[in-house]
């Protein structure tokens, strides 16, 4: 019953096998090999973007911070939500990579509203040297609260960014989970909706550690490569990154993994709604949910070995309500979910 | 006949097996798992340093740049050789990570001389605000020209750094190759010789991509962790880094791999010395060598498919001398070497 | 009728005379002269802080950004109000100087509340590597809306910072205006209230361009000097900075200038309260005020040549209400104020 | 007898008078005033560059570091001599402002040779991601050893930079001294010789503290303004910078001051050549010289109160030779020089 995060689960055998297949003989370093050129072609196909710049890094923070640094100047503001991973969970990585750009939180929750974005961007008028200049916008899809923006919502937000001549980045650490939730194509969720750059996550959905950074305008490629290198994120034995993602994309494995994870979360959410005293805090659109429950429920679950983030301590009054986060990775089984629900129900 | 670099070879089966073994069930993210605590213990044993801070990253550039940033201030000079990897091959990564510290090249070649180091450090007197302040020293072992510092040489250099109150970092991308060349212990080559921090390489000697950064003074640990995180170098599925290095260290695999690579290089060097017109440019102390040879020799080798760095073009006058670099990784066989030599001899 | 800012007025003759007096013969560069040592002594007396580190720069942004960089680490959050000069008007200078620390806005207006500060600091728990670490607090006194914190309010806020082991910086661009408003001593408004570092402004209150940065703990001195130098803020002909501030502090000139400016603002505020349709938006504690007034009022004032910041355009419906900012510098006369009021009244 | 530096002398009365004239009434802040627009026009005339971007800062380090940051990317190498002020005397300011660009020293002395520059630039091939990319070149005129590049020499060096598609910056801290030495126009010494950006010094030649940064391509203007602001180098009471330089340029004062300083240095050099045991180390092309002399000579001079940089201690064997630097500012008189020479002669 491991619901702590989707970065705690194992790697599916297909990806391990792809890694093993790549471990044959010698290959040129730094991505100058056939694996990367195959992968580049594959990702361009998946995104219907034959010119896109495609690069790999090993962590989501690197993907986000390098993408935003490439799209911004140090004297700009980058607009995000106040719960964005880049704002809350990367220890100032965007500031570091960008040379001191400002992250400006827009609104209150995990979903940016176009009007709030427009107001935040307008408050920093381009051409007034005293203020940070308006810079790129970054959205997270699946959001940090487990909800998914609709295509119209994405387009509305990228439209605001475009009003200010600014690009939009998508933090797609859970890209596949959002995609299968929406039932659309990668192109529809990105460049067709006005997205300029994507952190296309592999790690949370089954890879050992690989994320693709995709720019639909290939003019960003060379600067990105220099930034990646001087940040220590260019792998010498690069084939082991490419191979992971080749395996991930083969035979729609990535979509299957995400569908499974989302289905488990839906089952878990449905079950929790039926548990006395439990409240789900946001829509459960993908593979992650936030809930409140009486401490007694949490105590039972923790005692049974369930792993998940709990905001508070299991010791204390039984009926006090504590909030928690529950995430399903692809390896969570229906039995795991059902057992969790059974214990929760008491 | 792949002598381009030791980052082009495959991963030995023992390390792939260790990776597979780690791929069981769930594990807490970010190194909060048993794999990392086992590895920390193992590395402390290997280095006879029970208090050492041990952290993993995936690339050598990250290891070096994070270690130097942790040891320096942005207004300092970091002393290295002019052929140091940090100076020549990391696209200003040390400047980026350190927030603008200056790399100062000392001397002319791959081996720093104590007097030259002392002069360079003394030229930037601490306390004079106009000049960069003297900061840490970084040595590469095996050097970028394939030679190995003796223990007395290391101690002499760290002694100079200590005269100025500064620490010394060792870029050990080829740590194992140097160690087996010297026949000493890891402790003797590091803290017993005055080294304060080590980039302990795994990648070039067989891993997919993992380097340990070791500080013998654990007071550096927390700052390093913050720097690693905000640089995007903290892996979420960290067990796949730990597992590689656990496999690497098990049953002295790392030493065996390095001995093999060094032996192949020795065989290659011995053979090349016998080839008409070929000159070795430096001592061949480990698994890498630089040589000059007439173009005709290079043309034969390249035509036969040999891969290595050649300084120039195979087209041109036959007897013009061109220089090259040849590196043996653990997977190079005696047959590879002998075939290369046979073709070289013409 | 120049109410645009207190950085638009002339320099009083006493300061020009001090500059002329310093222009005699040769003086050692970079502050190694008698002027700076006299000034250091004088400022230590003024602040009853015989050990304080005292340094000069020429701009308020340099003073604030260098002070905050000295007090913070790049992986920290610096807490300020959302209208703070450092947050809104320095084009990401604090991020630049600090190497990427995060400015976190606390609350909504110009006055930080202790509970809001405590919540913001607690939300970034020290020791969790994913989040920015809690760092220093910076307060502005006079605030950006023209109000003045009481001594108890300052102490309450510095107390919160101390709960988290963090220092507090005071942006005193209008230090003198606040001081005479409170009628307290410099020591009472700073170190006795828990302030660790002060940007002690001279420019807005009559100097050509000079600010002192004062650290009550002299351990910060050397790092500050290095940061100042590498930021290009160490003046070679430093005596012309020292001389300004010596003139400024002589015979309580600085206090007299501030009293005059505050008195003019009080007269202006009192008069405006009597003008039909005009509303003052905040307490007028010092020499600056914000007001709303019908467009017709603004149109009359602008037509008569009054200079001040107006949020909107003089063209449009007469009775629409527009907000503005009015600042009195030391050189504003009672006649200027009265004429302004007369025109405003229509 | 103050030969320590040209930043230790007083300000000529014409510049003090210009400052006083500017101290009338109110003026808009941040350079949005008539003084700056007059000065911009004047500098464009002086440089025959009607489109040039002209901005002011208060220190030479700020001018150089901001100019180089504007012309470079953080992953580039900036080429200078190993004795360049930017390399030796700015405490890593160029690295700080540029976000971590690398300063690469070319050659051994104060005069860069075109072949050495070409070799240094070619050693960092554009397009190879591992190495710093070739970036701008910066020359100092008058050099740090007191010599002056001829126009052909400048053109040869800017030509090399252009071969690599890179701009050239001129550190003109002693611009006027070089100009009158060459007897050419500002345009000839800069854009007509291929210079793209100039730090046009005022401070060392008589101003209190002001330097103009001039870009002949105005496309750099806006980025420079943002960089200047976020570095705290935009003055609010900007008129006091403009006024200094207006006074400096009026009636050829700047040229007269430089002619005087150079003439004093020539007289000093001529006299020193006649002193037993004294050797001048470089050509004395402008207002600065380096010499060696027996300790007995230095001891006499120091005992008589002469101020200058001496490399060593006056205590020790009489006939040991010590080197020194001697600089003449505009206020040095013929009598000062003659008295110095008399004492030196013993």
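Things worth noting here:
Just so it is clear, A, B, C and D label the chains in written order, and each chain counts residues from 1 on its own.
The rule is simple: contacts are C-beta pairs under 8 Å (C-beta built on N, C-alpha and C of every residue); 3 or more make two chains touch, one makes a residue touch a chain.
The shown structure was predicted, so the numbers you read here are calculated from the model rather than taken from an experiment.
Counting C-beta pairs in contact, the pair that comes out ahead of the other among A-C and B-C is A-C. Greatest centre-to-centre distance from chain A is found for D, with centres as Cα means. Centroids built from CA atoms put chain D at 34 Å from chain C. Chain C has its Cα centroid 42 Å from the Cα centroid of chain A. In terms of their C-alpha centroids, the spacing between chain B and chain C amounts to 51 Å. Residue positions of chain B with contacts to 2 or more other chains are 74-75, 90-92, 96, 99-100, 129-130, 133, 226, 229-230, 234. Contact residues on chain B toward chain D in their complex (touch as defined above): 74-76, 88-92, 95-96, 98-103, 129-133.
Residues 30, 73-75, 99-100, 129-130, 133, 225-227, 229-230, 234 of chain C touch chain B in their complex.
For chain D in complex with chain C, the touching residues are 2, 4-5, 7-11, 16, 19-20, 23-29, 57-63, 65-66, 90-93, 96-97, 203-204, 208-209, 226, 229-237, 240, 307, 331.
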